[in-house]
Amino acid sequence: MKAGIVLFPGTNRERDMAQALRLVSGREPVMLWHRDTALPSLDLVVLPGGFSFGDYLRSGAMGAHSPIMREVRAFAEAGGHVLGVCNGFQILTEAQLLPGALLRNASMRFLSQDCHLKVENNISPYTRGWSKGDVFRAPMAHGDGNYNAAPDVLDRLEGEGRVAFRYAEANGAVDAVDPALNPNGSMQAIAGILSENGRICGLMPHPENLVDPDLGATDGVPLFKGLVESLVA
Amino acid sequence: MKVRVNVMLKEGVLDPQGKAIGHALDVLGFHGLGEVRMGKVIEIEVPAQKSQDEAASLGEAMARELLANLVIEDFTVEVLS
Amino acid sequence: MSQTVDAALAARFGLTAEEYGKVLNIMGRTPSLTELGIFSVMWSEHCSYKSSRIHLKTLPTKAPWVVHGPGENAGVVDIGDGLTAVFKMESHNHPSFIEPYQGAATGVGGILRDVFTMGARPVANLNALRFGDPKTPGTRRIVDGVVRGVGGYGNCVGVPTVGGEVNFHSAYDGNPLVNAMTVGIAPRDRIFLSAAAGIGNPVVYVGSKTGRDGIHGATMSSSEFDEHAAAKRPTVQVGDPFTEKLLIEACLELMATDAIVAIQDMGAAGLTSSAVEMAGKGGVGIELELDNVPQRETGMSAYEMMLSESQERMLMVLKPEQTDIARKIFEKWELDFAVIGHLTDTARITILHKGKLEADIPLAPLADEAPIYERPFVHTPGPVRLTTVPDPVGIEHALLTLLGCPDLASRAWIWNQYDSGVGGQTARRPGTADAAIVRVEGTRRGLAVTTDCTPRYVHADPSAGAAQAVAEAWRNITATGAKPLAITDNLNFGNPENPEVMGQFVDAIKGMGDACRALDFPVVSGNVSLYNETKHPNGRRISILPTPAIGAVGVIDDVTQAVGYAMPDDCDLVLIGEQRGDLGQSLWLREIAHREDGAPPVVDLVAERRNGDFVRSQITSGKVVACHDLADGGLLIALAEMSIVSGVGCKLVKPLYDSAALHAHFFGEDQACYVIATKSGIAMIEAAEKAHVPARRLGRSGGKNLDLWQQIIVPVTRLRAVNDAFFPTFMER
Amino acid sequence: MKVRVNVMLKEGVLDPQGKAIGHALDVLGFHGLGEVRMGKVIEIEVPAQKSQDEAASLGEAMARELLANLVIEDFTVEVLS
């Protein structure tokens, strides 16, 4: 799997993502620069976490207008796979490659804690490493992760099975109004979604931070395994 | 010459910041307030030789392209001098 | 700005008459305003260490693994594999009181620069915080702002905040302490220093533009200086973590080339101190042309530019032929880059602005004749050791009260606002081990990092209390299995012109030095913050508790060997170390008996070292499943904290130890002690006996309760609920 | 009745947000802009029975107590209806 990681000024989880891709796929990802105007041949483009442009206007807004995003859009339109994690998810919504928006956490505070995610579908490359209904642990670290979308958009996401991950209890219980279970206040406890063709995925928590047994946990590995299985020709 | 772009969350989009501020104001003793909403204001100095209208439409263009996220936000543009 | 320079103005700049006399002597004429500004900041307490220098000199700073001790931007120790850990701690106390968010944020920014300026990638941040009484109005606002500021900056620059400490005490009501520490990693053969060299070499400014931020923040209030300007222009600096992130990446990219001769961040006293120190250390002269300084505001004077404390800026001396390579790198990262001067053979600093010579000072006397004071001091009276204190409430009540008190309550509300995982190397996060552990990227090694100080001990007995702070830091690193290497310190004290405060300072240094020597734990960097006192409206000044915060770094060869303190199931629990059952200055005494007296716990450095070396060897040989040292709150709190992390309880046997009353046994804050969970308690105790280390079986882990020989049974869920309650209740009401 | 409080950083205080936005606008092709500054706007619904003046002074009180950080920010109050 040839993966490219986009670096925006202010990106800060690119090394984490590279480490995860390297560990699971056995291949070194290439680093792409926000001003690049062409992509090399790739199977996967990743928009990693961080604070692109400081997130000074809205999280992801300035990143979404970077030159490279034209290429990412073209890559996606041609059927390419794009993963956005945290700031990457925010950039994908700002670029309208995924619907909805990520607002300030309901608690008004940055949240850095472990959460549990329920896998809501297993047909995409991002989710096939699990079974539907599986629950896994992932750290979150964001100030703006409160997923918001218009009612018709939510209906479509749910109807088309495009909610990939939801915040849940370890036993799989979901309760969108309980701040303990849905810490940032996302609508329908949504933590990650897919595009219509299932090839673009955005999620707030960081599975890339739980892939190394030496650091004590491997809960995030299935996401990357699934990708490798899907994308290695 | 300055253009001021005001960006507010759309009516109907929950505004957690506004809500938190409303709560804090109440705790401080400002009771009986209605809805509180919080937005952003961006003031941009534009070249002086622009007309009012040109400046306004420049502001509008900047708002559409970057300053507001039309999925969740509305904006207004004022020209100051 | 037309100001007559005279003794009166010098006094308002913070120079005494005698100091101003020295300035006149050195200059041989009346200095210009800019020159006076330069002298006053270079000779300020902050830059010159005039009250502390002679005492700091007594601290041990050497060990075979120390690469650079105090004197550089940060300390450097060897961690193996050709790598070093680079670290330092620094205070931002006063700014954090004025504007908690920005004060704390810029504190983090400043300490990061001290570390990456040496060529190290920052890999961990810690923060040691002291706040006023939670009941004092205003404390909450300061806690909120400081925590948001630390997180806001650290999260955005992408350096994990992995540890720290928090205390509350009314002595900090008008003077909170915000001490930030950064640890970075650099190749041993690529450390960058600040001594300038090469006559004619360009002096280059990079980073953010200069504004009128924080001018003279250190030495005088600007309202006195220019009342009109002060109304509009605060001395508060706003941090820009996004620019800092770019600066880190750009500097590290440049450091991979060999363009840099010397580099120094612009910290307190900005351009003045960086230029003076770089040239001074290199024994060369420096000439700056201020017209070339990137400026954010119009009409800035030479004085303002030299004294501005705008953030996110660095000064470098480059090899002339490589200047273009450097410029390209900074342009790529969209940062300002300007050649603002060059090195000269004059041994002077000369400042030109708009064609005028604004300053011309010989560098050697500016440094060498800086004032040094041997301030008078008196020792703190020796505290009286407590005799027995009766137990008014019983063990269970005391346990629950202590677990819920501000100084022991879970800090999760704080660390949950700090990204502790960014970088992908965090092996032990806050609240899971006595020191946080961050793996060294690309190796199996881990760095163990902690900050420690118990100000109430230092207040009661400065020497013993400061020794305790060093010992606790050493113990916290040891309790993870790592080998303690060295410390940085942040010596926060009151007004040194008060002989009692100066006595605290002198004795604290002595205690620190003793502990450092006994534990082979040298001081490699540090910071002194004096004049920390609260001015009450009635004119009274209350000093903070003397707070020599210790930041420590250790290394473990294999991160997978490190242990935390989560209580495991089905293990024997063994206490290593000897209990004295002394309640003096304990949290039990304060929270339960409502007294703050007695002598702090005895610090026996020989026992400390022997017990710690034993524990570490047991951990690295795989015999320890979990380990937690005894600290605030004593034995029972340590056990409760272990259970709270994992939800697993324990059953304790009734102590046969009967010299101390039960409450003194459980809540005395004995030093050099560890609780160990092990698969075989018998083997552990045998090994301890062989090593002449006191060891005793406590009981066994398992179940859902903290169970004291079935006399007292408290569900772990209850312990956790009590422990979790304080911060959210205090902060989110 | 609504009170609108505009909060901006004081002159001379670094505005990292404004700086970054200005830069991004330039990259998007909006060249030749001067300084860009970003602030907050808070809209608060107040009881309708207030007079203009009462509403304005209420806005001012709320700004002083909570909405603006007077150490680094200035504010203005408008009454909308």
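Residue numbering begins at 1 within each chain, and the chains themselves are lettered A, B, C and D in the order written.
Throughout what follows, a residue touches a chain if its C-beta (ideal position, glycine included) is under 8 Å from a C-beta of that chain, and two chains touch if they have at least 3 such contacts.
Computed from a predicted structure; not experimentally measured.
Trainee: Any chance you could check whether A-C or C-D wins on number of contacting C-beta pairs?
Mentor: Contact tally favours A-C.
Trainee: Quick one: chain C and chain D, Cα centre-to-centre, how many Å?
Mentor: 36
Trainee: With chain centres defined as C-alpha means, what is the inter-centre distance between chain A and chain D in Å?
Mentor: 34
Trainee: How many angstrom between the C-alpha centroids of chain B and chain A?
Mentor: Centre-to-centre distance between chain A and chain B: 29 Å.
Trainee: Specify, in ascending order, the residues of chain A that touch 2 or more different other chains.
Mentor: Within chain A, the residues that touch at least two other chains are 53-54, 56-57, 62, 65.
Trainee: Mind pulling the residue numbers of chain D that touch at least two other chains?
Mentor: 16, 20-21, 24, 28, 38
Trainee: Chain C: which residues touch two or more other chains?
Mentor: 240, 242-243, 334
Trainee: Can you identify all of the chain pairs that touch?
Mentor: A-B, A-C, A-D, B-D, C-D
Trainee: Give the list of chain C residues in touch with chain A in this complex.
Mentor: So the residues of chain C in touch with chain A come to 148, 151-152, 155-158, 240-243, 245-246, 333-334, 412, 415-427, 439, 441, 444, 559-560.
Trainee: Enumerate the contact residues on chain B facing chain A in the complex.
Mentor: Listed in rising order, the residues are 9, 13-14, 16-17, 20, 40, 65-67, 69, 71-72.
Trainee: Under the definition above, what is the set of chain A residues touching chain D in their complex?
Mentor: 53-54, 56-57, 62, 65-67
Trainee: Could you list, by residue number, the parts of chain D that touch chain A in their complex?
Mentor: Where chain D meets chain A, its residues are 16-17, 20-21, 24, 27-28, 38.
Trainee: Could you pull out which chain D residues touch chain B in their complex?
Mentor: 6, 8, 18, 21-22, 24-25, 28, 30, 32-47, 58, 61-62, 65-67
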